[in-house]
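In the part that follows, the structures are each spelled out as structure tokens.
Shared chain: chain A. Partners: chain B in the first complex, chain C in the second.
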Partner chain A sequence: MKNTLDIAQAWRSDGEPLVHIENADLMPLPAPLDNLAMDRPWKPLSAQAKEKYESGLDDTCAVSVPRPKNEDEERRLVAQFLAGLEKLFTADNNWTFLQPLLLTMEHCTHCQTCAESCHIFEASGRNELYRPVFRSELLRRLYFKYIKHGGLVSAWQHGEIELNWPLVARLIELSYRCNLCRRCAQSCPIGADNGLVAHELRKLFSQEMGIAAKELHEQGSMLQLKVGSSTGMTAEVVKDNIDFIDEDMSERTGIEVHTPWDVEGAEVLLLHNAGEIMAWPENPGAFALILNMAGVNWTMSSELAGYDSINYGLWYDDVQFARVALKHAEIARKLKVKKIVLGECGHAHKALCVVADRLLGGELNIPRESSLTLLRDIVMSGRIQFDPARNDFPVTLHDPCNLVRLMGVVEPQREVLRMLCPGFREMEPHGVNNYCCGGGSGFAIMSGHNFPDWRFQVAGRKKMQQVLEAFSDCIGPETPKYLCAPCSNCKGQLRDMLAYYKLWERNRILYGGFVELIVNAMVDVKPGFLEWEWR
Partner chain B sequence: MPVFECEGRMYEVDEDGFLQEPERWSQDVAKDFAQTEAIADLTDGHWKVINYIRNYYLQFGIAPMVRKLCKETGYKLNEIYQLFPSGPAKGACKLAGLPKPTGCV
Partner chain C sequence: MTVAVYLSIYAGLLVFILGSVLRIVQYARTPIHLRWELYPVPHEEGRRAEHGGSYFESGNWWARPRRPSRIGELRAMIPEIAFLKALWEFNRGLWYASFLFHGGLYLTVATVLLLFVSIALPGAAGGTTLFWLHALYNVTGYAAVAMTLMGAMGLLFRRLADPELKNYTSPADLFNLHFFIVAYGLVAAGYLVRPENSAGAAECIRALVRFDTSVRVGRGFGAGLILSSILLAYIPFTHMAHFIAKYFTYHLVRWDDRPNVRGGTIESRVAGHLARRPTWSAAHIGADGEKTWAQLATANPAAEVRK
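This part shows the complex of A and B:
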């Protein structure tokens, strides 16, 4: 592959992919994935997909935008894009993020510090298409030409760009090649935010053109607002499932577990990502057990959206974001709880604890807390007895970007792991310098066409390297290992990626949440809570 | 919508290959979709899993929790993976004619 890419290719009218990646181009991985034979070949995008959907960016297709039928439709779409672009740069229409967006447009000096911090750029073998400024440079040129109406001098100073449908179609896909982990923004010496650029583009496409990944919109925030949860669970189903979990937990631990519903005036309203209930029931089960044993007065809510903390709008649409955040706050207000506590879901943390702060005023501004700080306090309080010998296996910790880099919750989970897991070892780098799992911004649940190949081979590759290095002293199958990821989205990505590379089958690397390790070490719990079975 | 064709029979599917018209499902449809999952023959074990998922779906409108599926069918999860190599959600649910599971699952 020729690793150069002229930016003018982005508005090339043929609609053909700009780059093609071979496994041999990618960043090498450590043992046991250190030979190309272990690296799986990519499934090519099918002829049917290429014919029906815009796929002029790279080897895959994330959003499945239908190809316009004729030039009229193309012109209409470009006009919509331009209208959306104008809105993006007005305070009335973009009160949320206008200031950092303008800063990013006006002040980037192309120093490329961001590129050195981007896991996608590095893992792709430094493919120019994935260089963080490739995307933002396109938006920047559009900004100078169509928003600031610069003439020839501006074009000479800031670079030329031609706005046509092929460019818009490529920008749609390109806005879904960034995990929004914002490691680049953290490293930028002047605070320019390329992650925000991807986010703002997605927002423009969703709010102005009705184009978004269906997993996030139709099957995500829309479904949540309609039936109560992105999983499709109604209140009846979630209660039935939680009954099942309580019963299952009681059997497994030997301690009667009961989940309280809709308790007015409770100290804590616990919001789980509903995916935990469906796919990792031991996680909400472990929460219930710990909170009960610690004597916390807590509750779950069976109101619409009250049993699902997800807020996918955070990743693509401010309006959808606000609708869900208001629902969550309203439920807490009606129940008169003292505070909302977020379970193990990174983006829900950032959505409700941080971004919603700009939205929730007066009575709705109810205190919100991470479960990790609450759990740390419970574990350290001495109210529960632990036997760390029960967790005597290698454990490493993945830092969910939203929770750690973007909220600064770094130490509470580590204090617990250092106390309860004798085999705890850090990945390098970690904490706020962590790398995304590769599933960030919703990728973990996007699996159309061959997108998973890109998601595991490129987006998740840096994390894969970190995990394998953290366990390099015990990589053989004789030692079971635990990759702790306190976030549903990260867990989904890590599960799929470990399965993709057969790392459970061959090397006994299991993934799981944080509370499970706490329960596994409780003296009062029947030994062997962790089942060491793939799920 | 992409189309999946099996011996002249056409099915509308989503980008992940899940049947888009759940009401069209029958045992024959499951057999056609088995080919997309590299399952040569549907055994009694496969049907036990498919029927449980299908009935749960008709009652509640979504797929059952995986742990419930295991408890109710008596299969451990790794046995379900042996029956359906791409797993309960992407494999078994697809054959049972459910839409692709949604949310962070």
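This part shows the complex of A and C:
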């Protein structure tokens, strides 16, 4: 099937998937996953799901768009899409990204340089459907036909396209087959940005048609705006959990840990991804311990959204994005803190430090900083004593795209790891040239139907290859190994992938955060903070 | 023929300039966008530019002076513009033909500039200078034609033979490459076989500047020049105007890491856009064409159900 997909197939109306993926087609993985027999078969999409939801793209379904009941409904949806398409190219509706979008629409030369950089395209065995330009080309042809009204000249100049419901339905799904890691944009000689195209398509579907992955919208940004966190935790629940974490940390480390709440005038407002509090409590616990020992005047906030740094709007909806970012800034303003520090969450970093920067005017423009920078400064300051021998095991570092390629925080975490972890080794490539974990843009929390199979086998495959290669000299189970991921979503994706391939059970590859390694090396902490237990 | 050649060159140049200016104005007038930079950003200071770091790597970065390095930008721009560095690094297979093609275009511009210099030099400049100039524009001119033709044919071959490129190649892409091949081919052939009493390149330029119609331009050479003028006029209206787009994509998107500061120009420019009135239709947006972007961004669609 691969390399035979003509772009005109995208609007064919049989409703059948455009491609079918076999494990044998995928990019090979190194040992111990080099044996196809050990590979996991895909769970097929159920007949019920196929009947109920649009699934005409590939073997999976990410958004679960209900099939229209009749042709009238199809026509109405296509008209909605067209209205949204027009708005996407107007300054009143889309001033936020109009300039880079226009540049990308009008200047791609189809040289396919981007394809060589895309981990999804490569891992899929160069499946044409996942070529970065495949998605962009559909939007580009629609742009020239319906926005620039190019008529026959447009078809000659930019290619044919037929707008119908099957095409719109496929575009909805296709906008959720990109991690928005923008590695393709980094390599584009022109500066066109296929990641932005996926982002803008998701925006059109959400802001005009009310269509988005439920994990990002209903269970994501809407839940956060309703109760304060996409985890569903209210302020009371979070405070209870943090109390428990403080207690547990005190016991495990032998040092009294206390988390301050709503301290007016604090130097630092620490924003965690609330997922850490639920799934990896040792992470916020380790932060509290380090900040207290370093004498930092810090606080957490119990205001709505103040205890959850996530901002899923970043991936699909500018208005939802702005709403959450403004809430975070408003909380900091009310507390009169000197700066906001983001915990280990890549997209929260990029959302609040970078993308929201121009939305935060006047008193809301409160300085924002990465926790990796603050932690590096604390570690290097000599205020805390460390024993690197406690971290004497192989450690490799995953670079979250949002923190590294999209924000430029590359070295602080490395300075610490080089100092505290004698067995630190890089993945190749790394830094700003890293590969996404496969969970980017919301995939890490999207688990509908058989989407996890696609997420692990395709989107995360390149990262899996990198991890295995980084540990190739000690891949056996006799050596415990630590995969450090200073990002909550990446950590979730890596946890799920390591479990999927049984790499903890068989090869003793454990994943974890960054701050845990710092605490594990602290001389004043009871030895054995890292418990080498699967979570 | 001579008048037709002059008119087409002037018209081609005029349309090219107007079309390019229109493109520049179109992009320059689009609103300031949210930050969307991509690292490495080459104007970062010192070592940071090498590893792709940003000012976010410094504690309390907002309290430190920011000194973007223009030299750093030039270090990235010159290899990209002159040698197509990104293509060399990420798509070596296509680089050879593309470099020949773009190199040929650069040499074409260089040749025209050298021809202007040669006719602008006063007679007192002496025969030696003119001799070397003549030799130089001959070399650049022949190299320009040879490289452009080889590059265009190489790109055409790739577009026709490589299935990965073919699927995304429109009829216009093929037409554009053919257009270059025919225009350059005709200029070269017409020049080489021009009648003895017809003008060469320098005479043509000199006569063009003075609109001297007494000079005879050979038919083949003249037809090549007319076709080339049409090609020149056509470029700004196609994706081949990426020489304009690249300024914006690099300087105003990829490398635009200017932080928003209180009371600064970015803040005031964005304030104007926050007053825009969107019309998005999804219920959770709450747009009605009356509410401003700022009002929508400070509303909470989940608030009414909050207990």
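Some points to look at:
Heads up, the rule we're going with is that the second predicted complex is superposed on the first by the 533 of 535 C-alpha atoms of A that agree within 3 Å, B and C clash if a C-alpha of one lies under 4 Å from a C-alpha of the other, contacts with A are read in each partner's own complex, and residues count from 1 in each chain.
We adopt the following convention: a contact is a pair of C-beta atoms (placed from the backbone, for glycine too) under 8 Å apart; a residue touches a chain by one contact, two chains touch by 3 or more.
Model, not experiment: these values are computed from the prediction.
Aligning the two structures on chain A places chain B and chain C side by side, free of any clash. By the document's definition of touching, neither partner reaches A:K334: not chain B, not chain C.
When chain B and chain C are set side by side, the one touching more residues of chain A is C.
In the superposed model, A:K148 makes contact with neither chain B nor chain C.
Using C-alpha centres, the superposed arrangement gives chain A a vertex angle toward chain B and chain C of 160 degrees, stated as a multiple of 10. When the shared chain is aligned, no partner comes close enough to touch A:H20: not chain B, not chain C. Residue contacts after overlaying the shared chain place A:C108 against chain C, while chain B stays out of touching range. Once chain A of one complex is fitted onto chain A of the other, the partner contacts of A:K43 are absent, as it touches neither chain B nor chain C.
Judged by the touch definition given at the top, the superposed model places A:G431 against chain C, while chain B stays out of reach.
Of the two partner chains placed by the overlay, only chain B lies in contact with A:G220; chain C stays clear of it.
Taking the two complexes aligned on chain A, the least Cα distance separating chain B from chain C is 13 Å. Chain A residues 223 lie at the interface with chain B in one structure and with chain C in the other.
Here chain A touches chain B in the complex through residues 46, 48-49, 52, 64, 215, 219-220, 223, 229-234, 236-237, 240-241, 244, 248, 273-279, 281, 308, 310, 345, 444-445, 447-449, 488-489, 492, 533-535, going by the rule given at the top.
Note for the complex: chain B touches chain A at residues 2-3, 14-16, 60-63, 65-68, 71, 76-78, 81, 89-90, 100-105. Within the complex formed with chain C, the residues of chain A that make contact are 3, 5-7, 80, 83-84, 87, 91-93, 95-100, 102-103, 106-113, 115-117, 128, 131, 133, 137, 156-159, 182, 185-193, 196, 206-210, 217, 222-223, 225-227, 304, 318-320, 322-323, 326, 339, 353-362, 365, 367, 369-370, 373-374, 376-377, 404-412, 431-433.
Residue ranges on chain C touching chain A, taken from their complex, read 26-27, 30-41, 44, 48, 51-62, 80, 84, 86-87, 89-91, 94, 98, 163-165, 167-173, 238-239, 241-242, 245-246, 248-250, 252-254, 257, 259-262, 266-267, 270-271, 273-274, 276-285, 293, 296-303, 305-306.
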